[in-house]
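Naming follows writing order (A, B and C), and every chain is counted from residue 1.
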Amino acid sequence: MSRLRNSNLFQAWLVLVLATVFGTALAGIQSKLGPIIENNKIKETMERIPSLVLGEDQAEKTMRQKDFLAIEPRVIEIKKNGRTKFYTVYDALFKDGSMAGHVAKASGQGYADNIEVLLGLDAGAETITGLFILDQKETPGLGNRILEKPWRDQFLNKSSNKRLVVVKGKAGKAYEIDAISGATISSRAVTGIVNKTIADVKAQLIASRKSGTPKSKNGNIKETK
Amino acid sequence: MADQPTAFERFVQGILPENPVYRQLLGLCPTLAVTNGMKPAITMACSVAFVLLCANIVISLIRNLLKPHLRIVVFTLTIATFVTIADRFLAAYLFQMSKTLGPYIPLIIVNCLIICRCEVCASKQSVGTAASDAIGQAIGFGLALSSIAAVREILGTGMFFGMRVLPSAWPDWVIMVLPPGAFITLGLLLGFVNWIGIIKSRRSVND
Amino acid sequence: MSDTMKNSDPKDPTETAGLHVAPSPHIKNTGTDTQRMMIDVMIALLPIVLMSVYLFRLYAVKQLFICVIACLASEFLFVWMRGKAITLSDCSAAVTGIILALSLPGSAPWFVGVLASIVGIGIGKIIFGGLGMNIFNPAMVGRAFVMIAFAQLMGAGSYENMTGLVDAVSGATPLSALKFNGLTMDIAPLFWGKTNGSLGETSTAACLLGGLFLVIRKTASWQIPLSILLTVSVIAGITDITGSYSGVFLVHHLFGGALMFGAFFIATDPVTSPLTAKGKWYFGLGTGILIMVIRLFSGYPEGVMFAVLMMNAVTPLINRWTSPQPMGEA
């Protein structure tokens, strides 16, 4: 008996009991809160999609008419230079099943850290319909002005056929984006992410359109066009 | 345990005389990292208060069963559990805030303030004393965090709790919401608190 | 440069009554007390001040006035708070003010200069124990603070705001024009200073004139500016050749930025640079490398300030490594 008392296992009985109790408690909490957290994460992206595809005014109107868009996520796989890249693309569909547009989640290196963006494209992936910065850690006051709407709105209605170019001073041509003064690197980073995403995703989006309906999870929404 | 302070003494000491940040210099990682605004600072202070209170109570309850050589393991286990609860809770109900605070909520586990209070107070004294110690220390920590955050947010953005308090002509001192601003503010406030301490002690000598 | 120097016995021994007893070495160079040095520096700064007033007119006058007044006031205030004897007469605060003003863009609003002065003198100098005890160059501490705090008012964009305000110069600074837009200039305006930039940095000619005066007077050491200029020339030269810029790149990096002003007036601060000749060479080498690393690989077009501050931080180490070994010890 005294040998048992002195064994390491017995000495640690309190730790073992506590670990079991705490572990059970945590499991309970996780099962309760886990779904809410997951829901939060999805909602964060989903809430943005209507305004990215339709533009803010139109999106609000649709919301008011309770005419929600159906949103279906899928993963697009790109093989480039022997490396495989994955893009999460959300297809936004009208109630009648016609395609409203696509939103691609993309990220790339900014000045300080990774910049994560949502890029809205129209149904044919021909023009940019919206740009939203999900996550960034650029310098406050300079680089983080990529968050400002006037700057992001420059991307609206730009054609996806030509690479966008950042210029300092006045952007005149249709494919030019004004750099934020003092934050050329951040401006270039975002524009670069947009260019790369379009280059990677566009062909696949058009291809999937031609081949017919994107596979729907529920199968009850069909593209009618 | 004749020399141990009473519950009330513990409570009062935590707030100013033994302020965790300004006197004990504990928990400086969150102090520097999340004080660029009042909202994240208050959220952090509340999370720490929750973890500190729960950990102190649990440790105090089991203090007579604790084996000295296993106590740190038990402390860490207890703290980690409550930190995880706080983290999940924030992610579920304050999602944006939990994103803003990022890794600093899980990092409460290694906040030496909590393990210090477990060691110094909870593992030696009764539940009531441990709880009042936790509350006192948490108030002290909250005061320290909010004082630094107030300076940084007002100077750095002209706002307080996200609301404009300075005229819009105010030029935002961007450096104050960046890491250097945290060090400068903490240093100056620390100097200020010490200066008050010196003046006080001089006065008590003269009396 | 030497805006701080340990106040070495201001009283001349011949003036004090009785015998003057001091340990060896019995060398007394009356020319090197703080006030004397500071006046030397002010004389050397004169051509740069004149040039900046000629180029930027009222902007330069305003900035100089604000910074000098703010530096003197904060020196007075902080020294008084520490309960020490007032040290305004050694002119070091005034020199800090002039150098600070010359390193700011003319378009910076008044509070930028004031805040930079307060931070530079207060946090950069007095907190460390005042004159001679500071680790970092006070003017650069102040400038770094406002540079980060008011990035929009201090960064590359701020220079472009002056377009149209001052006739003589307009547009981006030569270095940021080269870095971001690939635009280049002729060598003549770069050398004489008819370009945009911080008040004191545009004119290479004025900086060389003042700098050489300091070196000849031995107020500033010649090793530091020389080694900085050599290092920058070598790195910029290699980049130039490999990128086939045919000399344009090298010329811009030598004459287009704050290099000359920094090499002669900022890096040579005797308090924050190494004591030994060998140490000064290392210091200059390190500063030069850092300047080019920041200019080439960072988001900033100019890197003199951060390079000098970083080398200030390692100066105590350099002093340790290069301190001469007493004879017989190894």
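One rule holds in what follows: a contact is a pair of C-beta atoms (placed from the backbone, for glycine too) under 8 Å apart; a residue touches a chain by one contact, two chains touch by 3 or more.
This is a predicted model, so every value here is computed, not measured.
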| item | value |
| --- | --- |
| Number of steps on the shortest touching-chain route linking chain A and chain B | 1 |
| Far-end chain from chain B, centres as C-alpha averages | C |
| Inter-chain centre distance, chain A versus chain B - centres from mean C-alpha coordinates, in Å | 35 |
| Rounded Å distance between chain A and chain C, as computed from the means of their C-alpha atoms | 47 |
| Mean-CA-position distance for chain C and chain B (Å) | 41 |
| Chain C, residues touching no fewer than two other chains | 150-151 |
| Residues within chain B bordering two or more other chains | 174, 178 |
| Touching two or more other chains - residue numbers and ranges from chain A | 139, 141 |
| Chain C contact footprint on chain A (complex, rising order) | 111, 139, 141-142, 168, 179, 181-182, 184-185 |
| Residue numbers on chain C that touch chain A, as the complex places them | 150-152, 155-158, 160, 172, 180-181, 299 |
| In the complex with chain A, residue positions of chain B that touch it | 62, 65-67, 70, 73-74, 77-78, 81, 84-85, 88-89, 91-93, 95, 156, 172, 174, 177-178 |
| Complex contact set, residues of chain A against chain B | 11-12, 14-15, 18-19, 22, 25-26, 29-30, 33-34, 36-37, 40-41, 44, 139-141 |
| Contact footprint of chain C on chain B as seen in their complex | 171, 173-176, 178, 180, 184 |
